[in-house]
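Each of the two complexes below includes chain A, the first together with chain B, the second together with chain C.
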Partner chain A sequence: MLFLNNDVSKAVITLMNIIIVLVPLIGTIFGVMYFYNSKEFTELLLAQPIKRSSIFSGQYLGVAGSLALSLVLGLGIPFVAYGIFRSNAIFDFTLLLVTGAFLTLIFTALSFNIALTNENKIKGFGYAVLLWLFMAVIYDGLFLMSLIVFKEYPLDSFSLTATMFNPIDLSRTLILLKLDISALLGYTGAVFKQFFGTNQGLTVSLIMLILWTVLPVWRLVVISKKKDF
Partner chain B sequence: MFYLFTFLFFSNLLRGNTITVCANCEVKTISEGVNIAVEFDTLLIKKGTYKEYNILIDKPLTIKGDSYPIVDGEEKGEIIRIVSDNVTIDGLFIINVGTSYTSDYAAIRVVKSENFTIKNVVLEKLFFGIYLEKSNNGRVYHNKIIGDAIDEYNSGNGIQLWYSKNVVVEKNIVQHVRDGIYLEFSDNITIKDNTSTDNLRYGLHFMFSNDDVYTNNLFENNGAGVAVMFSKRIKMVNNTFRKNWGTAAFGMLLKEINDAEIVGNTFEENTIGVNIEGSNRIVYEKNNFIKNGWAIKVLGACYANTFSRNNFLHNSFDISYNSKLNDNVFNQNYWSAYTGYDLDKNGIGDVPYRPVKLFSYIVNKTPETIVLLRSLFMDIIDFSEKVSPVFTPDNLLDANPLMKKAL
Partner chain C sequence: MIEVENLYKKFGKNEVLLGLNLSIDKGGIFAVLGPNGSGKTTLIKSVLGMVVPNSGTISVGGTTIKKNWKYRKEIDYLPQIANFPGNLKVKELIRMIKDLRQMPSNEEVLISRFGLESFLDKKLSTLSGGTKQKVNIVLAFMFECPLLILDEPTTGLDPASLIHLKTLIKQEKAKGKTILITSHIMQFVAEIADEIVYLLEGKIYFKGSIEELKIKTDQSDLEHAIAAIANTSTNV
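Our next item is the complex of A and B:
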């Protein structure tokens, strides 16, 4: 891709599309699949004198960590070989990798949650795919419809809050802040201006991403402690 | 004949005496120097500070500064007023022009004069910089104007031309004023190699001025970019418009412009590259639109414009229309978002490109939806609109998109 067009910023845009669509999908599917496949082994482990939280967090970290690492290394190495350090897109690219890693962590955690609460494999898979579809496509559709329906009202704080509640939108916004800042500043709202014009947007989005990772993991630990196998 | 002219020219020069002005000389102020000088004399101003204002130059003189003498107006009013033909001002450092809400005090004002030259002048702390009023055939060359404007209502313009014809404005640097260069009712003006940056309002502002040419200028980080309004037959060649960011910021704003030529310009990282309204028969050729929010925003009543051999690279939106009607021609441009193929290898894509996306239509209607930029859902609906256009003008397409960047 890089050798074809010699333009790193275009490559970043293309990669962004891949990252915000495919990475969550892979995270979700792999998470659910791994959990169900290793269920019997997990039950065997539970019979041993090992803390439950360490079993489940270990499993989660194993899957999420390896997925995130494969993404970062898999994208990072070719770009480094291509000479990203010498180009000025290094910051955009790092941001891309960071959000990609976060998305992996978030969606694996969510899928573990689903798998833990659903004994039925098929149901679990269904929910996981639905979750991905909802976050990637349906959420934006509903979001757009609500914006158009309520366009008479001041919507800028609403639209910014709505992006916060979807990790895919959130990471997209983060990358947009770097790539399309000139278009984003075209809108008149003061809230927008503050969010996009300063570093505030970057900070708030990163904090939200961390929250999105911590909360599902925390729930995972809590449920796994109580659950009766 | 030639010898005669040379002879006349030199005899003219020889006739002029040089009067030196300095703190310890016989002549201590510039006004005094102007008073005792006769026509075609040269005033040589030595280094020093001259606290003077309202200097009236009413005869053909050359006023030359030696290593930038400072003329300090102490914010009392206008500093130099030229009311005679053939005046040259060279190498002065003028500061502290008075601010007034009733009259436009300028550092140098030229009134109803011909053949003037203003060059190598540095202006700081000014209200208006160089103000040409009904003065023709002059030259404003290599000046540096650095203002400290904060509010639009109490600041002036860097270089202002009012009812002036055949003036060359060249190699000037204008910063931090209201409008960098402002033209009103001024025809046949050449503006070239200027740099106009960080101005409050426009880098360059045209009103009712026809047949003007501007080439190789740089306009960067101005409040609203460059505005060209109510003018005819303007040529804009090889200019650069950069980083004009904000809600009402444009690389270039065209309003009621007819028969202009816009060739070889670069529009980079502006919120809106070119904003056109009521402009007809304009030729856009070989321009580069790079990383703008909107490369071109069409607001209606624009007919018979042609866009050819332009490069549209990584803009968030290439073209935005607010109506379904289209009478403009797009042909042989390069679009970085083009995804078609070229089977017959003639360098021209086999599938037409539709530069107007459904999303840009939606953003026009509901601006908040801009946060959904580049989401998967938007890509899906853009794709469906591309297949069968409903909301966007269906004849708006580039039938021959280039596969490689136009040079």
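Our next item is the complex of A and C:
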């Protein structure tokens, strides 16, 4: 890719399209699969003198941490070798890696939640894939429909909030607007640029991503304390 | 050693334990008996903290177990169904549990007694049911904990291993440990148990020695005495 167009920013966009869709899918599937597969292991550990919250947070960190690390290292090393530090796209690229890592953490936590609340494996898998499908595809569709239906009204703040409530959309918008191509996006793009382009917008988005990570993990710990095995 | 007060537990609509009260003193072998689905395993899992009761208190060795996990250091547990992570080798599993417990252990003696040396390098998923149960027994007996909980320890064992298991249990009793056993094999229970706890419909129906049970039910052997309890209760 880099050899084809020699432009790191364009490579970042292409990669973003892959990362935004694939990373959540991988996180979701791996999370559910791991959780169901290690059921026996969990039962074995529960009878040992270990705190419940440490068992489950340990499992979560093991899966999410290694997935995030493989993403960051797998993408980071080739780009470092290519000479990313000398290019001016370093900030965009770092942002891509950070959002990718966050997406992994978020979707692994969500899938663990699903697996913990569903004893039935098939059901759990179904819900997890549905969650990914909803966040990656259906949400956008609904969003677009609502924009068309209510197009007579000012929708700036609505679309901003709606973007905030979907981690995939949030990451996508965050990266796109950092890449200075928002001129293509018209008036709404300008509003978005005003928000996400500033440091304040970046901070708010990062806080949202952190919230998206912390809340499912917190729910995971709470539910695991009450569950029977 | 174990104090259970007013324990209630239901799974969905299925009410398993209905205000169960039980106190078990230190030392001796206690057999928890009861028909299928009477709540034996639920009781044991509640004591271990794997099942969270709806209401009631449990204390082990003087401390309540709610929101506490350190008390499990005092308990060795043999689960009913030996569910082990299949991708581990027997050796690795034993090492892992030792690492978790950080206590002195005597697994070599137990491994040679049950003839498990040749299985140490095999994956747990390739073992037969009986061999898995032997691994299970090794894991439960290798530490010196004052409380030992055995849930159906005899499943899948061959006669020779059964004899080993019995001597093992008697040895542990001689050390002054409290041992809690559930089993459906009455011969085994009659041979080793000091006291019997009979669970029925979520409550303790009978607690006492085997002799008392025989007198109460007017039967000469344990198997019939247990069957007699089940019958009288359904007639009432």
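For the reader, a short list of remarks on this structure follows.
We take it that the second predicted complex is superposed on the first by the 214 of 229 C-alpha atoms of A that agree within 3 Å, B and C clash if a C-alpha of one lies under 4 Å from a C-alpha of the other, contacts with A are read in each partner's own complex, and residues count from 1 in each chain.
Definition applied: a contact is a pair of C-beta atoms (placed from the backbone, for glycine too) under 8 Å apart; a residue touches a chain by one contact, two chains touch by 3 or more.
Computed from a predicted structure; not experimentally measured.
Legend: residue contacts after superposition of the two complexes on their common chain; A:159 is shown touching chain B, with no touch to chain C.
Once the two structures are overlaid, the count of chain A residues touched is higher for B than for its counterpart among chain B and chain C.
When both complexes are overlaid on chain A, the residue A:46 reaches chain C alone and has no touch with chain B.
Looking at the shared chain after the overlay, A:169 reaches chain B, while chain C stays out of its contact range. By the touch criterion defined above, A:17 lies against chain B but remains apart from chain C after alignment on the C-alpha atoms of chain A. Once the two complexes are overlaid on the shared chain, A:229 sits against chain C while remaining clear of chain B.
Look at A:122: by the touch rule set out above, it reaches neither chain B nor chain C.
In the superposition on chain A, A:81 makes contact with neither chain B nor chain C. Within chain A, no residue touches chain B in one complex and chain C in the other. Considering their complex, residues 38-41, 43-52, 225-229 of chain A touch chain C. Residues of chain A touching chain B in their complex: 7, 9-10, 13, 16-17, 20-21, 136-138, 140-141, 143-144, 147-148, 151, 155-156, 158-160, 162-163, 168-169, 172-173, 176, 180-189, 192-193.
Across the complex, chain A is touched by residues 245-247, 249, 269-272, 291-294, 314, 316-317, 336, 362, 365-380 of chain B. Those residues of chain C whose C-beta lies close enough to touch chain A in the complex are 11, 45, 48-52, 69-73, 75, 77, 79, 83-86, 97, 100-101.
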